[in-house]
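These are the structures, in structure tokens.
Here come two complexes built around chain A, the first alongside chain B, the second alongside chain C.
Up next is the complex of A and B:
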């Protein structure tokens, strides 16, 4: 959406207008309002009041907040989604210098907890009244008063020196925490029995640090430390051109590597008012649904592994392999598809490729039915998963949970249906929900969604076969403006906010991955459970830390004695693709 | 037999049990791998694992009580070794066993689990103490049905507490060919699964929750000793079930060794099958399973066996 010329009155029409109007006098200025998007500036002293009004609204949830450095301070943009209308309303509040203060809304909206901590870490905004203002993103050794996401911070020259290697405080003989910034956040209850899941642990394939404080087998409190792997993607994006950014953001996560670029591209297309050709929409849908298929199969396998059911682990991953193969055939890569571009897609798919995709997903249906039946009928799995880690619908809404985590709690939200993108509104499929909010429900949602994904892919293939068409709208310049794009990734909604000043690169690119809101739901679902139940509940949101942590400084970990360089690796994988194409 | 020969035979039984246990471990891993569409390890892999560990450093956490920590795996192996000697002697020469050796074997086969608990508690790691707590609860839950199941066989074989006597009484028909015997054997097989620490009863190790739990602090030779003890249990527990319920080894006929090997492989394969088709239970679920399902079942079997024995009904 382009910024309206200042001084013009924006008419409050449609459902978005109703939402903004319901905030009453708290709204200072309406900047934009159309059928699905709205932007309004609110009174900065009334943020808490606005947040509670919004949360009380039917179907509204806080997606995230974006911190934006402006001349007078930090502009905080609260992005609220209202479903099923598919509305995204952005409410802006300015934290003025020198205090950069806004009242914390985390007490009324739990979903704001992490994002306020993040904005505090990275931009130096302050949120008085926040219940738990410890560091979330930055390392404890990072100096106070250095804010990496501010424009004045250069990620190469201004990076503080790395701290010396530290031994973590001994959990059994707690010592006085050494004075220094943020060290208080390291261990929440020193001296209590703690079972650590992390920083490296077989339960999670990435680095994170869950502290389970236990009384016998019962978990009485859980604390989490994340952000061991920052790559500074948001900062990096500000130095890349609009067309380079998709290649960066598909590296946010190795599994959502189709969703992130698509969400970004949609945000930019919203700024530039691009009409994407229909064929490109279908092609985007195919890649995104293949991604959902392989991601859900991956999760089923991992869940089996966490429960000691390694046969399910190996079987699910075996059946996932053909999906990866067709992704490689269609896009040239198993993980980074480099497929999406502003205005369309980069590569068309031939009839032969479409036939291969169709064949692969058709053959997948039998094994998927078998795995689904195993899960739905196994009495031991029922005993382990039912009524375990229950996340109530109200908690799911308050924490802003998305995707299968929310749908497993019977909250029927799905961006694909509520705010249709790609070709989803042209296809026949349905949103899967499950009652109960337990781990079993989340598993059922993912298993059944696989069948919907197959249905969608088959329809797309049938639609595209034998036809030809334009796949690129050939966008030239990106006008000044701001836009949001969100996509239903396998784990939930991935949300991108892009601001353009008319130059060739984004001024600000905010990424909110689904795990950022799904992981904190452990506070509502894990306390009081037994340790083995907590393990599977933590895994049931399908957490993705590489997505959750995408900020801060860029660390170059290149090994000087590497045996295969990037070029050789690319060559190896190209050869594999060629070989596979021959075999099919 | 003079003392020298006895000692040699006992040593051979112990060494043979280690080899057999490692071979079964390989079969278990290979079958598991094939079920999961993997290639699986070569035949010498379990032995190679032990050898490699023997050459590694033993790391001891600063929080550990050294003596108990290092002694526990040795005692576990020693107990398994003695149990191996007694069981093989009963199999090979049933007439030469002593009275009450069944009770001794049951005691000896409990010691590895107790030593795991002791070693884990001595390590001072919260994960290990978690594993130890679970192992204690598991031990308390499966020992009772296991012993009652054994007593069923004892009742069926004319109240003989001598392994040789139990085997001799089964010369006509094994215990398992009666209703009570069949029930008792099913109970014993499930208890064996828990005793071996295999899925669904591997919560004391539970890799994805407490990172190998009881064994988390063990490394090098001390870990190797626990692995040896576990491998021996994999050979000994099926053997015990074969001896008590399934007629043991018939040395009189040429096919005796064949059927014996068949029974053996069948029991190990069953354990592998169970562990590959189930997720891990929670400890409270496991305790409930053994106390409220298997124990009444075992008591029923024992009651049937006593009635059958008193009334002379051979099929009961």
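Up next is the complex of A and C:
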């Protein structure tokens, strides 16, 4: 969207206009308003009031916030989505120098907790009133007062000195913990037994460090430290041209490597008002749905493994291979597809390739039905997964959960339907939801979504076969402006915000991956659980766990010699299933 | 001397692998995991993914080695009984790939490990990500290398 010059009156029309109008006098200036996107500047001292008004609105959730250094301070852009209208309203508040302060909204909107910590780490913005302003993104040894996303920071020449070799491990007693901003070694509840999961750990997409505080068998609190996987992609993108960025963002996450570039190019296409050729829209849909298929099968397999059903693990991964094969046939690579570009796609698909894709997904239906029935009809799995790790619909909204994590809590949000992109509005498919909010619900959503994905792919193949057409709108320059793009990745909504100043590089590129909002829901879903149920609950939001075994230990705060490895945790989980199976 | 011989003999077959994600995008990681499943089935070479570096003969390291991961990767390496082979998998583990210029990068994986053990045996599997076949080929080469020790 290109912004009207300052002082121009923007008419408040449609649902976006209603949303902005409902904020009343808190809105200082409306910058942009059309059918689905809005942008307004709000009074910086009234951020909390605006946040609570927005959260109370039907179907509204905080997607994320973007911090951006400008001349007078740091501009904080709160992106709110309202579903099912499918609109994204960006509310801007300026934190002025020298204090760079804005009241924290994390107390009214839990979804803002992590993002405010991130902006504090990377930009030095301050959020007085934040409940837990510890370091989140940067590493333990990073010096205070150095903010990598500031414009004056050069990512190569201004790097601080590296941490010393073999610095102490993450698990320390309170006496040993060094003073400093990092969470490593900080113990929130001394006296409670603490279970450390991580930092090298199979359940997480990124190496993360979880601390579970337990009372007997029951989890009373969860704490998390990330940073192990922080690769500074947002800063890196500012040094790449618009055309190079898709190659970087498809390496944000290897399992969402079709969704991230698509969200990015949609944001840029919004800035440049690009009309993407119809054929390219269908081709994008095919690759994205194939990705969803392989990702969901991957999840089903690993979930099976954690519950002691290794047969499910082997089967699901065996049937996933044909999907990888057709992805390789169509794009040239099993996992990094590089097919999405601004204005269209890079490669067309021939009729022969389309036929192969069609055949592969058709043959997948039988095995998928078998796996689905195995899971849905198994009384032990019902006993093991139902009413476990419950995320209520209200919590899902407050934490801003997306994708199968929200749909498993009966929150019917899906970007593909609400704010259609690619060819989803031209195809026949439905949004899958499940009641309950438990692990079982999330599993059901993923299993049934596979069938919808097959349906979508088959329709696209049928539409494209035997036809030819343009696949690229040939975009030459990106005008100044701001754009948002969001895509329903297998794990939930991935959200990109791009700002252009008319040069050949983005001035700011903000990426919010689905796990960033889904991971914190553990706080709501893990507390009160038994320890053997935690492994599967952590896995239920599908934070793309990478490999089977890493470092994990359970430490008794009073007796540091008692340790349980992750292996033992999985064993506990598997034993519980076995015990239940006997009872049945 | 005899002890070294015994150690090397013990490494000839059935390599056990511990997987370390030092800040990867998950591409290499899912492909490593894929090796265990029916299509590629690396267990036919006697290889096994294990849950602790103390049981491992091979460290499969993926990812860029970020500042936060660097000391932890070194710690994991020091916990692995020597001789062990460090298999740096993917462009990131080789030379930090597309992320080389980023501010949160630590040293490259091989530099991080050589900093704590200059004698470390490191092998490189290029690709972004390497195909599972390339990883199997690397594993077989590792076995052949260990036979010569």
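One rule holds in what follows: the second predicted complex is superposed on the first by the 517 of 584 C-alpha atoms of A that agree within 3 Å, B and C clash if a C-alpha of one lies under 4 Å from a C-alpha of the other, contacts with A are read in each partner's own complex, and residues count from 1 in each chain.
As a convention for this text, a contact is a pair of C-beta atoms (placed from the backbone, for glycine too) under 8 Å apart; a residue touches a chain by one contact, two chains touch by 3 or more.
Everything numeric in this text was worked out from a predicted model, so none of it was measured.
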With both complexes overlaid on chain A, does A:462 touch chain B (first), chain C (second), both or neither? neither
Which partner does A:194 contact after superposing on A: first (chain B), second (chain C), both, neither? first
Most chain A residues touched (candidates chain B, chain C): C
Thinking of the overlay built on chain A, is A:381 touched by chain B (first), by chain C (second), by both, or by neither? first
For A:304, decide between first (touching chain B), second (touching chain C), both and neither. first
Between chain B and chain C, whom does A:248 touch in the aligned arrangement: first, second, both, or neither? second
Return first, second, both or neither, reflecting whether A:314 touches chain B, chain C, both chains, or no partner chain. both
Once the shared chain is lined up, is A:56 touching chain B (first), chain C (second), both, or neither of them? neither
One more residue to check, A:531. First (chain B), second (chain C), both or neither? first
If you lay the two complexes on top of each other, which residues of chain A touch chain B in one and chain C in the other? 313-314, 318
Which of the residues in chain A come into contact with chain C in the complex? 138-142, 148, 153, 155-156, 158-159, 162-167, 169-170, 199-200, 205-207, 227-233, 235-236, 239, 247-248, 251-255, 257, 298, 301, 313-314, 317-318, 321, 334-336, 544, 546-551, 565-567
Contact set on chain C toward chain A in their complex: 18-34, 36-39, 49-53, 62-64, 66-72, 74-76, 78, 97-99, 101-107, 112, 115-116, 128-129, 131
In the complex, go through chain B and note every residue touching chain A. 32, 35-38, 63, 124, 126-127, 130, 133, 199-200, 202-203, 206-211, 276-285
How about chain A: which of its residues touch chain B in the complex? 171-172, 193-195, 197, 201-203, 214, 216-217, 304-315, 318, 378, 380-381, 383-384, 530-533, 535
